[in-house]
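To start, the structure under review is shown below, and the notes come after it.
Chain IDs A, B, C and D follow the sequence of writing; residue 1 opens each chain.
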Amino acid sequence: MENDLLEYGRAVLASQPFSVLLGTQLLTFTAGRAELAIELKPEFLQQHGLAHGGLLSYLADNALAFVGGSVLGADVLTSEFKINYLRPARGHRVVARAHVISASTRQAICQCELFAMHDKGENLVAIALGTIIKRGS
Amino acid sequence: MENDLLEYGRAVLASQPFSVLLGTQLLTFTAGRAELAIELKPEFLQQHGLAHGGLLSYLADNALAFVGGSVLGADVLTSEFKINYLRPARGHRVVARAHVISASTRQAICQCELFAMHDKGENLVAIALGTIIKRGS
Amino acid sequence: MENDLLEYGRAVLASQPFSVLLGTQLLTFTAGRAELAIELKPEFLQQHGLAHGGLLSYLADNALAFVGGSVLGADVLTSEFKINYLRPARGHRVVARAHVISASTRQAICQCELFAMHDKGENLVAIALGTIIKRGS
Amino acid sequence: MENDLLEYGRAVLASQPFSVLLGTQLLTFTAGRAELAIELKPEFLQQHGLAHGGLLSYLADNALAFVGGSVLGADVLTSEFKINYLRPARGHRVVARAHVISASTRQAICQCELFAMHDKGENLVAIALGTIIKRGS
């Protein structure tokens, strides 16, 4: 069952050309939890050698939408989200861990934490809070 | 003077590998105003053929940072922002128009509107509001 | 017609005990525009003699809900909003001016600017952006 | 030590006329944690008999500022926050539980959860995420 959901989520991710371009991976996908990761290639950085904030906001947006979809069904949209950047994102990889805070049949309020993974461990680099809605609602 | 600022802004953009990857262009850059654009290539879409929300959030993040930098100086960071998606982003191009709402020496509150450009005109597709801070502050 | 809407809005405001407690006034109410005001009594301040941020967030929340209701109908709820405080709110009165940025049948994205009115004019003291939804949607 | 901080926090709260008007109580106050409560008097409701959203946003704003101040020092301001309303707030009391997610010497990113307390237990009714800054920074 869980494996089915993960496989399904990976198929959805593979159908997003932008996520394919960035090489986004879906690590975990269960009802109420989603974990996405991106390898920090040189072309994903900004001028100071850090992960571009826009890459982090992409990953947050996508993790929020995935986790919202895990409880609302496949056809969802991000309605809105807010992101706070906490510290510079250095390392070889960024992982977004999202969970559902509250859901109705029509929308889910979801939160996402972004971690930069480096040789010595991981740092929380950003936090996002947003609303995912069923399409057509 | 204005041309100098625009040229300077374009050099900053060219120093962001992620923006180079996406082909982001700086159209306007004056004190308090910035306009960035991206051509909507097929690889920037999501599974329904629309611009990926994460692409829009990247563009909003970057436009907010540029316009904040236009009044605070080059060395700025996005502290936080919120984005509301208003309607599906279809078309050949997305343009982000950002302006400064209020600024002190240390931070600027900035707003950004994103438009999808298509054959029949343009649609407002998202709006963002955020805080840009001087690095080290 | 416009007067009818204003009268109707004032009746709604009068039915909110919390707004009655604070003495909130509805100055303008048309489809897509709402203006609310509060006299800055001593009991509405915080410890530095400024308007309490929570008073401003109340006024923003209410102005967003009113303006959303002006296009969605009476039975609306604030789904979420964000507020940026721009400068200290000093003066004898705070006015919130809200407008609709984009609306569907189910929800409206609305913006609100808050001004402190004082002897020498007015200052923009906060800006808010939020989502108003039809109840039951 | 902890008791000293709680006593100090209560003195700060008592110096906010708006909080005195609303009868806000400080239940917990340690480095990184703050808990505020309000009894839901009839005059704090909106037209449907629920806690007014603006009351909740006031409480979130204040809990965020207190918890930010617990790590930054007394002289802080709310820079911005976002609140998502999750379900109607019914009951006899609202409690806001705030914690610090990340802090530098100048600012703290804080989160706050609001619970409505009723005869059968408590419900999470809203969640807020915001930035608290040192005054003068």
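Keep this in mind: a contact is a pair of C-beta atoms (placed from the backbone, for glycine too) under 8 Å apart; a residue touches a chain by one contact, two chains touch by 3 or more.
Since this is a predicted model, take the numbers as computed values, not measurements.
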Pair exhibiting more inter-chain C-beta contacts, B-D or A-D: A-D
- prompt: Pick from A-C, C-D or B-C: which pair repeats the contacts of A-B, with over half of them the same residue pairs?
  reply: C-D
Query: How big is the gap, in whole Å, between where the Cα atoms of chain A centre and where those of chain D centre?
result: 29
Centroid distance [mean C-alpha coordinates] between chain D and chain C, Å: 21
Field: CA centroid of chain B to CA centroid of chain D, Å
entry: 33
- request: Scan chain D for residues touching two or more other chains and write them down.
  value: 79-80, 82, 84, 131
Task: Report the residues of chain C in contact with chain B in the complex, numbered from low to high.
output: 82, 84, 86-87, 101-102, 109, 111, 124, 127, 129, 131
- prompt: How about chain C: which of its residues touch chain A in the complex?
  reply: 79-80, 82, 106-107, 131, 137
Query: Which bits of chain A are touching chain B when the two form their complex?
result: 12, 15-21, 42-47, 52-55, 57-62, 65, 77-85
